[in-house]
């Protein structure tokens, strides 16, 4: 059957894959490239667990036609740490116990990274807005909001 | 427009574990030749922290640092039987099984240490930092690592243990309902402060204050995760969630997270929590299980707060703006009730 | 903000442990934040096939004919699975505990009993091909009248949802359509009560909504075994269920799980495991069966709806002397675990209070909706909503501070509970006191001084005469269990219980404070009923 | 069969491809079409795309503002010139959805979605539809009215007169979940004032009918009046005219009717929600 070649940057390295017609980026990342950091939660664009950055902007990989990322840079939570060194957001999520089942965490981290890359000193409201597309069923959001604020060295973190 | 503050409270208890058909859990603990331990389970970690709490229970019982213990779960080829992660049974049932297994392993470890130190095992104690020494004579000491090596390569002992914890089947009397449903109970009381818009029926959370008694808090941070997240789910049940908005009519059931309503990060309110610890006589180090009960007091507390704010009783969940508005109209307007505190 | 109130029950606790009581980092946290945690769908599997199911568009219908010929020949289709292909196409989850009758097929055969019930499964090379094949299956249905309301369902002549339970109710002890609780004499007490309040409450069905949906990846392994990656909440529960449905020895199934993206009770039912494994058996290739979000929300089992009626008798001074609860669990079309929730609910009544007369009748009712299952607080959450809303109304009725009203009626160590076991290790009073303090909700000193370890037992430990019930052969054992470890101090009542007033043999705390005048003055006894309206007596 | 993906440089060619293939859908931001495919909509056999740059441009052409159909909500939010539209763009999904969802796609979003279209309706927007050889203009109101009848039309851009005073444009979305939730209802209002009186008001509602609708009764009631008691009460009395709300998972038709005047009043008075 007809497959389309797609080349893009994946967490800093060039990758080339053949994709099925109509395939979404999430399935290509998980099944063709083997990056299981982005998760499948709905395929509807309503949960945010598949959130990745495309050219620095947060996108829902389950709603992204794979071939549209041709020549673009895709970042996932798998590429967040710098070698052995954790990203400040990862450290903050650990310190604030901002994960329980952990399934929303990769998408949550990427949504947070998109915010901090553009706005290094966000207010609590800006953090709330930044994660508003990401569902967490375990934590009640409070520790996640606090983790992001503290990663940015911002006040306003309120212990639940 | 008029917005009315109201506060309501509720107090509850919650049974730990299930009474049906017997309620067993098993655990295996063994050491590798350098004195690092593995706990093998078939218990499930779905975010509640099963791996973490059993790890601490095992380390405490063995008398070794928590870093020297890892919990491996769940593989049906290597992990012994466990009923599963539900009914708030995990910490209590699996925790007890791990404790039993760790005790057996500790017994072998102390025997092996006694043989190396040429003393009676009864005279030995662990320092929790990876060493075993003669009680009252810390200089007569041997590391758990050296004990493990000796046990494996010289003494031919397995530093390992098996544990099972079984709550036997409790039959239920058909006429009276007499039964033993659980072995211990957790407790909670929660106060909800809300604001109700009497023109739209919208309920806004202002603050929650609560006290939870959950036996021994084996890990305060895990307890905090459960209580904060659980109260959020309770709030969600109280005023948002339903798979059938027009129950018992099946129409218009939500199909995604846009239609299935839950509080967003902009809907949460400060929650001040006090934790009380009355150890369960039969719990691992007195632990019960905070996982389920933490959500329960929020539902009635919020409904009672809505009554306190505008004087209407919503007895059908969820307490939607529509139900509140219909009730206010039927009543001929908001009737704020006397406030407590 | 979370604070510990170590001053409470300090004498029952050893706070000097090395690892217990420490806020140690989670063993799985580093894996979570680096996205290295492996959930069931994160294991590398080659040549994966995809399984999708065709679901019933009807709430209740007879299946006249199923034509899968077009689907069988469709591109990429490896196998179409019908009910007849399932080795043991009838099961009930709790049959593992010998509780209840097999009542649910993996794939519907003769009729469908709820909208969304699986009828046919297709295994194909791609998800797209599976979807296309499903669209080619023709099912000829003969719609039947459906019933959705629990009280309608138990009326004579209601449509029979599930022929295994022709009365639309689960069968308890092979003779009753509900589980009873009988403790004391509620009717006598209602006659003595100053106020009687009867109310109706309704819990909505609720979705667990874990961010990871239900799913299973099953793959052929060596030695004729199958490796099964699953998000099940009970590993052996799922394994044994599959061994039964697929009629294979349990040691041919190798289940790997334990790391789950949220469950909350929604991953107990083994909905995806049996078909995924069967797909692997029939195709010889790895098969994934993953619920999409709509399936999870509408056809995956919810927390069931419950309808609860509570009738209470309360004295002017705030003592509750009788409570009767009639409740209906909406189990949907099949039993799953609702039959057990009923038992758990019965044991929970009347809540954490000592009430001398308590009766309950709780039903597990079948309707034409998605089968319900366990969820966080199973059997308790809804009844707690009802009980605590009712408690608020009672406090209002007698003009009492709701906090003091709870403390007055709270159970204490040594009290006899309605399920005929001694209350121990109680801490409700302390929780109410601390919550009141945190919320700056004033309560009077007498109530601040009360505690769970005194004032209980004595007359409060007595099992009252219960009309119509022959005392059970075995006298109620105190709640002692062989595995209970000694060493923990067993609290004993510190003050002798007070004599009971003549009005009613109701529990009474050591010092019953003077009661304020009720907010609304009640002359004589009022019966209020949300069902029958208000009337004087 | 795998889905065919056809990418065209020119919108016109994409329009022809759409017209010639009943199984073809135009892929904008993906929030509608990719979701349908993920959920197994086998009626979609071809995805049509265009890389036409004009579709993703915002062109302030003097008195009129023209927005390419491919412009995303995120683009709107980063354009200072469109500050008055930011409230309407900010309430579309979360940041990731806004980086994908397009202005053109919002015109096709079924109720209770499509709040941005309601804002455009209150701005008297015109839709330009790409044909094989030329583009045609249609008032947004007519476009939405005929949307339900279906047909594969490819939107090239949306244009509307720049409000004389941006402060006269107000938008509010009422949702259950904060900060991101879909509509109970949304209200967009352009309230030009001349000599203390409203003149040429444009009011539109989202989620009060199968598509966003103009509130012509309210517009008439406000004409030549001030937002005081008289004008207000007349406006509220007329606010249900032309609406046809439905029950859905978010709210019932009854509730939407009940609270529409409440929220309209708050919007007109500039009160908080």
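For the reader, a short list of remarks on this structure follows.
Note that the chains are named A, B, C and D in the order they appear, and that numbering of residues resets to 1 at the start of each chain.
Keep this in mind: contacts are C-beta pairs under 8 Å (C-beta built on N, C-alpha and C of every residue); 3 or more make two chains touch, one makes a residue touch a chain.
All of these numbers come straight from a predicted model, not from anything done at the bench.
Inter-chain contacts peak for the pair B-C.
Remark: chain A and chain B have CA centroids separated by 29 Å (rounded to whole angstrom). Averaged Cα coordinates give chain B a centre that lies 47 Å from the centre of chain D. For this pair, chain B with chain C, the centres built from the Cα atoms lie 16 Å apart.
Computed from the mean C-alpha positions, the centre of chain A lies at a distance of 35 Å from the centre of chain C.
In chain C, the residues touching two or more other chains are 1-2, 25-26, 28, 126, 128, 209-210, 260-264, 292-294. Residue positions of chain B touching 2 or more other chains: 46-47, 49, 221-222, 224, 228, 230, 233, 253-258, 260, 262, 264-266, 270, 273. Touching of two or more other chains is recorded for residues 2-3, 37-39, 179-180 of chain D. Taken as a contact graph, the chains are fully connected, with every chain touching every other chain. The touching residues of chain D, when paired with chain A in their complex, are 2-5, 27, 29-31, 34-35, 37-39, 44, 47, 49, 74, 93-97, 99-100, 179-180. Interface residues of chain B facing chain A in the complex, by the touch rule stated above, are 46-49, 221-222, 224-225, 228-233, 255-258, 262, 264-266, 268, 270-271, 273. Chain contact summary for the complex, chain A toward chain C: residues 20, 22, 31, 34, 36-37, 39-44, 46-47, 49, 76-78, 80-81, 86, 89-90, 93-94, 97, 99-106, 109, 135-138, 158-160. Taken in their complex, chain D has these residues touching chain C: 1-3, 37-40, 42.
Listing the residues of chain C that touch chain D in their complex gives 52, 75, 126-128, 131-132, 134-135, 292, 294.
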